[in-house]
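Next up, some structures in structure tokens.
One chain, chain A, appears in both complexes that follow, with chain B as partner in the first and chain C in the second.
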Partner chain A sequence: MTEIQMKNLRHSYYPNPKTEDDYALKSVDLTWEEGLAYALLGPSGSGKTTMLNILSGLLTASEGQVLFDGRDVTRLDARDRNIAQVFQFPVIYETMTVGENLAFPLKTRKVPAAQIKDRVGFIAEELGLTALLGRKARGLSAEQKQRISLGRGLVREDVAAILLDEPLTVIDPAEKMALRRTLKSVQLHLGVKLIYVTHDQHEAMTLADRVVVMDDGEVVQVGSPEELFENPAHKFVGYFIGTPGMNFVDCALDGSDLVVGNARFALNGAVQTLAGTSKPLSFGIRPDFLSLSEARPGRTIPGTVTRVENHGDEQIIAVDVGGAQMLARVEDHVRARAGENVHLNPDPQAMRVFAGQRVVDLPRNTFGDLT
Partner chain B sequence: MSVVADQISLTVDGEDWLYPFDLTLEPGSFTTVIGATRAGKTSLLRVLAGLATPTSGRLVVDGRDVTGLNVRKRSVGMVYQEFVNYPGKTVFENIAAPLRNAKESADAIRKRVGEVAEIVGITELLERFPLELSGGQQQRVAIARTIARKRALVLLDEPLVNLDYKLREHLRGEFRRIFADSDTIAVYSSSEPQEALILNGDALVLSEGRVIQHGPAVEVYARPESVTAARQVSDPPMSIIPARMSVNGTRQWLVHGEPIGAEPAHTADLAEGDYQLGIYPHQLSTDRSRPGVHTVVDFVEVSGSNSFIYARAGDAMLAIKEKGVHEHRLGDAVQVNFDTAHMLVFDRNGTLVACPGKEASND
Partner chain C sequence: MSEINNRAWFLVLPVLVIVAFNAIIPMMTMVNYSVQDIFGPDNRYFVGLEWYKELLGDVELRNALRRQVTFSSLVLLIQVPLGILIALTLPQKGKSVAFCLIILGLPLLMPWNVVGVMWQIFARADIGLGGAAIAALGIDFNYSRDVLDAWFTIVVMDVWHWTSLIVLLAYSGLRAIDPAFYRAAQIDGASRWQVFRFVELPKLAGVLTIGIMLRLMDSLMIYSELVVLTGGGPGSSTSFLSQTLVKKAIGQFDLGPAASFSIIYFMIIVTLCFVFFRSITRAQEGE
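The block that comes next holds the complex of A and B.
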């Protein structure tokens, strides 16, 4: 287990980067705490792979440092960093047995045979591979092979971190959950640092203790799954995490009121903070924190239902709130139909204001008391 | 134009891929085919398209037997998982290709390409080349080409599966609109069962090569006829739990010997005995203020804006939906409450015997 620090890290694939846009990775300062599972989450092109390669040592960052437990490893390659990797496609020796595959990294490190046997037996048990130890790897399912790939990293007790790059991509959907469950229990039992690289919020939110969200070469937020859901610090996090993503509607300050569509909310303080920003303001709320209610001036947002989508266990209701659309996620028994005039009732504690891309830090009771 | 499958089956290399089934698809219908991987979804679509010749049975279109008729002679379009476009042609020419093959006039082609580009939202991309586009845009081009010629039957084989989920969320909302107000029969296969409900047409449930239920999606969701169908209609699937109807003094449902609350009206006619309860994740909860069935947390998955807790009660695994994202420790003991008013009851053979809105029948 190792604490990993990234200090003032930047990377450009151009020899002489001039503008900010020339950087694939823009200014990262980040500590990967010991004993926690991380996910690096973002769409393709967000800089995930660059970050992963800098972590593993495949790539040396143009600027900044990488420290493992305080030791500068910026220029060391993957092997000297004690990093193990699991890729999309399982990397194993097809002609070897499962047991031989698991033992291989230890054999090359001249670990005594008795110790190898113990360790391989233990890791096989953790991964549900015990019954397969004597089988040739060839012919096993992709899911079983991926367990072996992971096992080849886990057998090394000195491994600093295991990087998993979209490890579930080629796994049959029906088997994905079993593998996710194993990954989670391995994390709990062995406390090894697992770092997932994924574009799939489901994987990231299920497996990681901390999610590092990337967009356009920047780390836009690092937080627990719960924090990212409840307190997105950046519009991208609001949009990318959660299904459907957060609603954003342009809003404006008028005296001590915030005007959102056809609604007006009296602000409890915070006026100066909002008046002080030069960036355009938008109102943000997750569909989960909107309900339908009767009109309550100062509390509700009037609009017209444009679409109702039945998901069985719940419904997504699209509401036009004066030129902009908001989605509400409501229980299956709520009755609403297209064309109907409704009032959206936002939970005051879940209402957020963004200036440009970033959330404005407002007191909890800005939109009403907490009772 | 209707499509009728009459006892169609498909056997490949001695393996049964589709067991004999009957199916009638009416003009203007939208059917979502759901089922696990290898349930036979793609085979079913290929047989309907004429891309695979059934081993037995007849495919009848508008009263005419078209079994074995070359697919080119039929009015069928298909959209695949992979985005299939002509890389050397512009988006306009990609969409126009089937119209040119049909020797339509230049004016007619321009008009129709404009219409379908509008429908799928790629009007501004007509002069670009497919490889300059994102995955979602490329798939729209493929869809536009498929619907450019008015087709009697359009088959969509998991068209969104290779797109990222944000795009999936957006595009699937459009499918119904694309086929609204047309006589086209659309058959759409999906590995996400909830899509059947969202697309709001019919659902056809496949399991291991068998068509096990077919009807309006809301109906299939509310009343899966068997445990096998019940396991296919949502993700995570409905929990199926062994339970006993006890009439010792008062009538009550017992799970693992523990009562699960008041007996709902719809099970009032069931005799004492062993059954299986079917209950959706949102009908189970872990309200700490109420006693419930004792379970142990096995795993927690966060999907979209929900957390799904998998909790073990003896041999049975319960999937419980919680709104929002919450942390739970694996191995924690939790008590699970049942929304008994909405639970389904299956007999020991897995046949639905009671569900809300339809009283039990012991015939």
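The block that comes next holds the complex of A and C.
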């Protein structure tokens, strides 16, 4: 069990980075706590893999430090760190049996044979590989091979973290669930820290205790799946998490009111906070917290329905609110047709205001706590 | 079966004709000659398997076969490991890659008898660079007189001519390995040798099988270089199957024995290659 800290970490693939854009990782300060499962979530090119390779020691960061329990390992080679990694494509030693594969990382570290045997047996049991121990690894399915790669990390008792780089990419959909369950149970039983890179928010949300959201080389938010859903700190988190993503509509201050489309909301004393920023303001709300109601001035946003998508038990309604579109997720019995004029009723607790990309920290009762 | 279906057999006809002309008919001519004693076009006698019986007891053929097997094993044992070693040390990217590959590819482009002429001169102790260099070390080097010197020269020549083939094949095989395999091995704490043994070698198995088979077949057929370089000598110490065959067929005009020799030679190559191929592929499956 190790706590991993990243301090002022920056990385560039260029030898002499000049502008901020030359950096694949731009200033990361992050602590990976003991025994938790983390998901590293972000679109392609956001720096996830760079971060992972710096953690595992396959890459040395250009600037900053990586600390394992306070010990500086920044310049340590992958061989000398107690980190294991599972790659996107299953990596196994084809000429070895499953058992030999699992034993290999211990053999190279000169662990006594009896101890290797016990540990391999234990891990094989944990991963459901016991029946395959004597089989050649070559002929197995991608899912089984991926279990072997995971096992090669788990056999090392001193392993501080297992990094998984989109490990489910090449696995059959039918087998994905089983492997995901195994990952979860391994994490619970062995208390190993898993760091799981993915661009699939569902995978991140189901597997992780903490989600680290990355965009454009920066960590934009770290939090539990619920936190990210309810309180996105950054517009990107709003977009990226939740299906469909958060609604964002330009808004402006007018006296003590916030103008959103054709609606006005009274700001209960938060005008000062908002007036202080020079960045463009936008109003954000998740489709899940919008409902349809009668017109209630100061409470609802008027608009015209442009599209209705029926998803079976629920529907997504697109509403034009004067130049911008908002999506609402409503139950299937709500009647709405394209062209109809409606009023969107946002949950006051779920209304957020963003200045530029970042959320503005407003008191909880800013928009009133009544419904 | 309907008539229309049967007509499809005509589509196979061109292939049958081609195969007949390029393999079966010449081969059958050989078989025909090999069972006769021929003095002239109108003066020949059927002798059955007599030539075969005689040849199988022939010391010259047996010695040639023994030398052939020694030579082929020797060059394979040198070229395969050396080729892999060179492939491993070649640069992986950059401009030097193309340069190295061209330099390595050059010997492969040279015609066999040109190689023979080159080495015939190169290895001469009086005017050849290589031979003179050895002589300068105080060694009495003469490939046309000394059996060991002759063997040394032909083995070095063959290594020079053909190692590049293994290098190129192994290099392409190495480039096809996903970097993740190296990273995983690094994380698992594998040594350089273990990376080679458990990552690189298994991935090279396919191309190496092809490389070894090509080299084996070619080395069993070696002829022109030796005719130019040693002429099979000194004595017949570097006479392999090809030279011995030509000596019989052209030199002595013994068409019957030469034909049966050819067929035996052919069977030897086919058998050796087949056995070798099977043992390689079986070893791989068994791994």
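One rule holds for everything that comes next: the second predicted complex is superposed on the first by the 369 of 371 C-alpha atoms of A that agree within 3 Å, B and C clash if a C-alpha of one lies under 4 Å from a C-alpha of the other, contacts with A are read in each partner's own complex, and residues count from 1 in each chain.
What we mean here is this: contacts are C-beta pairs under 8 Å (C-beta built on N, C-alpha and C of every residue); 3 or more make two chains touch, one makes a residue touch a chain.
As the structure is a computational prediction, the values presented were derived from the model and not from experiment.
S.K.: Following the overlay on chain A, give me a clash-or-fit verdict for chain B and chain C.
M.R.: After superposition on chain A, chain B vs chain C: fit, no clash.
S.K.: After the superposition on chain A, what is the angle at the C-alpha centre of chain A formed with the C-alpha centres of chain B and chain C, rounded to the nearest 10 degrees?
M.R.: 80
S.K.: After the superposition on A, what does A:P105 contact: first (chain B), second (chain C), both or neither?
M.R.: Second partner only.
S.K.: Should A:E230 be classified as contacting the first partner (chain B), the second (chain C), both, or neither?
M.R.: first
S.K.: Under the stated touch criterion, name the partner, chain B or chain C, that contacts more residues in chain A.
M.R.: Per-residue touch count on chain A favours B.
S.K.: Just to be sure I read the superposition right, which of the two partners does A:V91 touch: chain B = first, chain C = second, or both, or neither?
M.R.: second
S.K.: Once the shared chain is lined up, is A:S149 touching chain B (first), chain C (second), both, or neither of them?
M.R.: In the superposition, A:S149 touches chain C alone.
S.K.: What's the minimum Cα gap, in whole angstrom, linking chain B and chain C in the superposed view?
M.R.: Chain B and chain C, overlaid via chain A, are at closest 18 Å apart by C-alpha.
S.K.: Report the residues of chain B in contact with chain A in the complex, numbered from low to high.
M.R.: 36-37, 164-166, 169, 173, 191, 194, 197-198, 200, 218, 221, 233-234, 280-282, 298-305, 321, 323-327, 330
S.K.: For the complex, which residues does chain A have touching chain B?
M.R.: That would be residues 43, 172-174, 177, 180-181, 184-185, 188, 199-202, 205-206, 224-226, 228-230, 239-240, 242-245, 286-288, 307, 309-314, 329, 332 of chain A.
S.K.: What does chain C use to touch chain A in their complex?
M.R.: Listed in rising order, the residues of chain C that touch chain A are 178, 180-181, 183-184, 186-191, 194, 198-199, 201-203, 287.
S.K.: Show which residues of chain A lie in contact with chain C when the two form their complex.
M.R.: Residues 56, 58, 77-79, 83-85, 87-89, 91, 93-96, 104-105, 108-109, 136, 149, 152 of chain A touch chain C in their complex.
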